[in-house]
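Comments concern the structure below.
Note that the chains are named A, B, C, D, E and F in the order they appear, and that numbering of residues resets to 1 at the start of each chain.
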Amino acid sequence: MKGMTVIVKKTTQLIAGMVFLYGMYVIVHGHLTPGGGFAGGVIMAGSFILLILAFGSDFMHLTKEESGTTMYENLATLVVIFLAASGLLLGTRIFFLNWFPKGTLGQLVSAGMLPLYNVFVGIEVASSILTIFLALVIFKEEISE
Amino acid sequence: MRYVTVFILSLIFWLLLTFRITLPNLIVGSVASIICSAVFTRFFIKNVYKLLQPHRYYWFIIYLFVFIWECIKANIDVAYRVLHPAMPIRPGIVKVRTTLKSDLARTLLANSITMTPGTITIDIIGDYLYIHWIYVRSEDPEIYTRMITGAFEKYIKKIIE
Amino acid sequence: MIVYLLCFILFLVGLYGLITSRNLVKIAISMSIMEFSTFLFFALVGYVNGGIAPIVDPADPVKIYVDPLPQALVLTAIVIGLATTAMMMAVIIRLYRKYGTFDIREIKSLRG
Amino acid sequence: MEIAISIITVLMIIGALYAIHARDLLSAVIACGIVGYGLVICFLLLKAPDLAIVQIVVETITLIIMVAVVLDSSREEKFSKPDGQGYISIITSILLIVVLFYFFKLSVETLDAFGSGSLRMAAPYIEGATDKTGSANLVTGVVFDFRGYDTMGEATVLVTAVLGVLTILRIKGKK
Amino acid sequence: MLSLIFITTGIIFNLLGCIGIIRLPDTYNRLQAATKCVTLGCCSILFGVVLHFGLNDAGAKALVAIPILFFGSTVAAHALIRGTYHFGIKLGKKSVKDDYKEAIK
Amino acid sequence: MTEYLDILLYIQIGLSSICLFRIIRGPTIPDRMVGIDIFGILVVGICAIISVQTEKSFILDIGIAWIILSFIGTLTLAKYLSGKKLNE
């Protein structure tokens, strides 16, 4: 039988979506509560790790050639560097310029560009952790001596 | 239909976590719930129409009180066995037949058994549950089946099936 | 003052394991322990008596805060530690596939 | 507060000693995990919640990766009596530890007492952070605004590590 | 004041669970005592937190944490005890009955 | 009231040292896994007590994250015990 017992499978089906949503909450509220891009990204990757542990790796239809996670990772890193360089486009000479309006302290929409940095760093970290997990655990049989 | 159900559940969870109703919070929560329902609906349970029938919630609340009472009895029982100087334990693994059919009901039954007096579910094979018991009270299958699953099975049948 | 000395002792325990052990996985564990003691030392230096966590509450702004600069530095260092550990584990599993052992001196004597 | 942190640090030292001396590799990995979890309690008591949540996730991912490595090995460390080289390394490490401990003791006496805020850079960061960044969490403000270059370097290091892992694991070995 | 009573009750349950970890003879019984007592103790502490804060953001977070803790710890205990049996640990000397041995052959 | 919560905090830290004792002493591998599982549940109580002591709500976020990640870690260890690869 693939995977673990019926109890673990059913509970995982109920909980995995909740874990993913909690990771998004940690990322989006990174400038109000502890957490931020890194911790939320790893929790988002944790929901997929939970599904792979409970069901086995066949149910997600992963192909062995390319899983596509590295693409998201590189794209997110490029977006972070572009956001950092966007101060140069406005004519100033400052890297990492925070040119958005600040908003009021303590509200959800505030702190200028910091939530955008948080979101893209979160996407990058989630895809890179998932790539390391897949490479070390699943595609290990590909190595032939 | 399943997509709408997952969306509504996700939005309720988001609002419980943040606990403030403003316009930016609702917009961000809706976007997050749409992403969550687009990714995770494939892995959710199949039959969601049962969530719309209100009498199941009535039985669920009664079941909750029964369950909390059993749970407190479980802890006092274990505390007695731990603190007694002679440690009156008599462990063993017994086999119990269940009449529930669906997988979700069996999962809820197994989780309930895990929290009640001195029992932990080890495995489910076919119709039989294998249970580790800290003090085997009798050798007769009929008696211990009624002792272990008797309190929960009728409520779970009314809640889920 | 005793806390700083205990933190240094944790560092020395990691150093002892790094020098004397011959197993590759244990070398990785010893390096993790040395990283932990460094993080703990930075967090200890930044603590202020009676301070609260560095998150501003707009309702009552006048408070004493713990120093946020060492926490930001340690936050970067933890992530780099994770990257180092993943890289080290990839090299170790590759060596195990090649030689069939974790012992560093047998690997050195096989040669080829 | 100082007493609680001392107790947890002593527990971490005992766990670390067991992790180094355990014969079984899986036990060593579990003991390393509990040392990391003890560090999280220290961070919670030292009022650093950001560090606590990041250390939790990093520790769990490290545990999963190490279990995945130990999983397909023989898991037993072969015991052999230390020969000449082993004795030399033990004597070297003990000498090094004594010398380093002496210098540490000298340097500790120059530090301020615990909890007096030894770093004097705190005031400008705390004063300027809420006005310049508008972020309620000061650590996020420092990480992404004042010290943005560090964060960009960290993201680059992570990408490089992923590419290195893929490159090492994907090469077909030749006979 | 009611919240302090709930928190103290939770700590007492945790204490009983940890005594069970030390005293009981084999792995299965230790897992039983520890999981039940410590899970109910932590649920009781979280319920005390809900009573202390009332119904605002902190209370709602504690209320969300209770079912996640409950399902997580019970399913983890189930997976751990099944793995222990398959790993080859024998039942203790006092045990009287073993029906699972024929089922997995 | 603050002193009373301090006493409860010290008791909880002392209980977590019992788990460390079981990890060092435990004769077999599953005993050590039981120790690290119970340790993960106990610290949620520490987070709750600290959140009452400091009257802040964000400490409970750390508690929820701890529950989720402890669940993932314990499932990994249990899957190791039952003799399967991690992807089956």
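Everything that follows uses one rule, which is that contacts are C-beta pairs under 8 Å (C-beta built on N, C-alpha and C of every residue); 3 or more make two chains touch, one makes a residue touch a chain.
All of these numbers come straight from a predicted model, not from anything done at the bench.
Q: Name, by label, each chain that touches both members of the pair chain C and chain E.
A: Per touch definition, common to chain C and chain E: A, F.
Q: Can you name the chains that touch chain E as well as chain F?
A: The shared contacts of chain E and chain F, listed by label, come to A.
Q: Does C-D or A-E have more contacting C-beta pairs?
A: Output for the comparison: C-D.
Q: Can you name the chain whose C-alpha mean lies closest to the mean of all the C-alpha atoms?
A: Minimum centroid-to-centroid distance belongs to F.
Q: Determine the centre-to-centre distance between chain D and chain E, using the mean Cα coordinates as centres, and give it in whole Å.
A: Their C-alpha centroids are separated by 30 Å.
Q: Provide the C-alpha centroid distance between chain A and chain C, rounded to the nearest whole angstrom.
A: The answer is 23 Å.
Q: Identify all positions of chain E at which a residue touches two or more other chains, and write them in rising order.
A: 31, 35, 39, 56-57, 61, 64, 68, 71-72, 75, 77-79, 82
Q: Two or more other chains in contact with one residue: find those residues in chain A.
A: Correct list: 4-5, 7-8, 11, 14-15, 18, 22, 26, 32-35, 38-39, 43, 46, 49, 105-106, 132, 135-137, 140, 143, 145.
Q: If you look at chain C, which of its residues touch at least two other chains?
A: 52-53, 55-58, 75, 79, 86, 89-90, 93-94, 97-98
Q: Which two-chain combinations touch?
A: The list of touching pairs comes to A-B, A-C, A-D, A-E, A-F, B-E, C-D, C-F, D-F, E-F.
Q: Tell me, which parts of chain E touch chain A in their complex?
A: Against chain A, the touching part of chain E is residues 68, 71-72, 75, 78-79, 82.
Q: Give every residue of chain D touching chain F within the complex, in rising order.
A: 4, 7-8, 11, 14-15, 18, 24, 26-27, 30-31, 33-34, 37, 40-41, 44-45, 49, 52-53, 56-57, 60, 63-64, 67-68, 71-72
Q: If you look only at chain C, which of its residues touch chain A in the complex?
A: It comes out as residues 53, 55-58, 75, 79, 86, 89-90, 93-94, 97-98.
Q: Flag every residue of chain F that touches chain C in the complex, lowest number first.
A: By the definition above, chain F touches chain C via 54, 56, 58.
Q: How about chain A: which of its residues touch chain B in the complex?
A: Residues 5-7, 10-11, 13-14, 16-18, 20-22, 24-25, 28-29, 51, 107-109 of chain A touch chain B in their complex.
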